[in-house]
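Report on one structure; see the data block that follows.
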């Protein structure tokens, strides 16, 4: 299942050019280009950061749920603060678990630009289900 | 400028098939298909709801900022709770201002599926700048 | 249990002067004075709005969990946007469910001042547990 | 002004027993007892974590705004995820800036219990005003 998640990123992530570089419950890393994911003024769309954050956190939560009891994870709450605009190149997100419980898991996702400057900080909470 | 925003939705919104049906600072309505905006399990990606929410709220904030002092709006904080899965058809978002201030504006965005069931509730806070 | 929750608001709510006027899973209403719940500049502390919001939403979630399967509810995620300052009198919060599921419930809480102006909008997500 | 903020924590923080151990724009540390700040089941009230988080972040934002242009800071958006219950002793929060801009500042606040376990993660966004 873990490989499956990485091999098939889903239609939206594929459409946006999201690629996954690392995937384990303890750390998930992925990137996407700014180009094609912009709002009307040519800057990275804030919602694009949310898609990257939710993609990364969901991969970690799904892997953890599968490891814990062959279960699955459902994303419930996401929040994101946009710190600065990204205009070109690639942004990279790193998801780290803040808490891996038996019912709820929460990931923090930090997104930076090519210069290493923080573009967005997000937090995703998922509920684990025995499927 | 208001017409410009509606006429040019930006690369990401266009790629995702977001269409705007109404646009005024007091109410913005838009839709997108589930198909093509899904995660690996074929359900609407939670981040897609964030893109729709931020698109709608940003249009309202930009129109309001322009009306107020020919300024512009920058999205700062977004949060979203995913209430249920959407698997097919179209989802529609309605953005309504909770507060239109001189420095900060906040919109609530409610996203429903074709059956009228609530898929997601989001809130977007933007800062207004004199450009 | 429902009566118990209302009769025993807990140490923090009591200390802050929070009173409950209505309590049912579908609607919870409560108030608190601004005086005594202020930050250094004499305005209502933003965190006080969070306490009121989480108190009201938690009462609704607990009553709903008890009705559903004699279970209990645990608050997981809260977010709040502060729209304007409150300097005197009383603020009143109204909590309304956005989604009452079998695993997760979410409430929206709107807090207004004595003049009916919106001070804060919050959203609380709780997980339901079979206790 | 910086000293004034620390010397006068405000009515709510005082009532809740919040004490400040460090205060600078780059790092703010404070604590509060669980006892007296509980919900009906005797655990730390989730809203209490929000009060601690918003207190710490607001002190940092106020000090930064004063240093930057003798301005002030207004809290706009707060979010918090409650990771585990605290039943006794003291909880300690550490606020760190994620972004110190000229219009907006954002702090992350991590709250831990006496055993060093993470109780809550919060993020506070403030707008800076030239007063």
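Labels for the chains are A, B, C and D, by order of writing; each one numbers its residues from 1.
Operating definition for what follows: a residue touches a chain if its C-beta (ideal position, glycine included) is under 8 Å from a C-beta of that chain, and two chains touch if they have at least 3 such contacts.
None of the values given here were measured: they were computed from a predicted structure.
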Farthest-lying chain, centroid of Cα atoms versus that of chain A: C
Which of C-D and A-D has more C-beta pairs touching across its chains: C-D
Geometric centre distance via CA averages, chain D-chain A, whole Å: 27
Between chain C and chain D, centroid-to-centroid distance (C-alpha), Å: 20
Junction residues of chain D - those touching two or more other chains: 76-77, 79, 81, 125
Chain C contact footprint on chain D (complex, rising order): 4-5, 8-13, 15-16, 35-41, 45-48, 50-55, 58, 74-82
Contact footprint of chain A on chain C as seen in their complex: 76-77, 79, 103-104, 125, 127, 129
In the complex, chain B residues that touch chain C: 77, 79, 81, 83-84, 98-99, 101, 106, 108, 118, 121, 123, 125
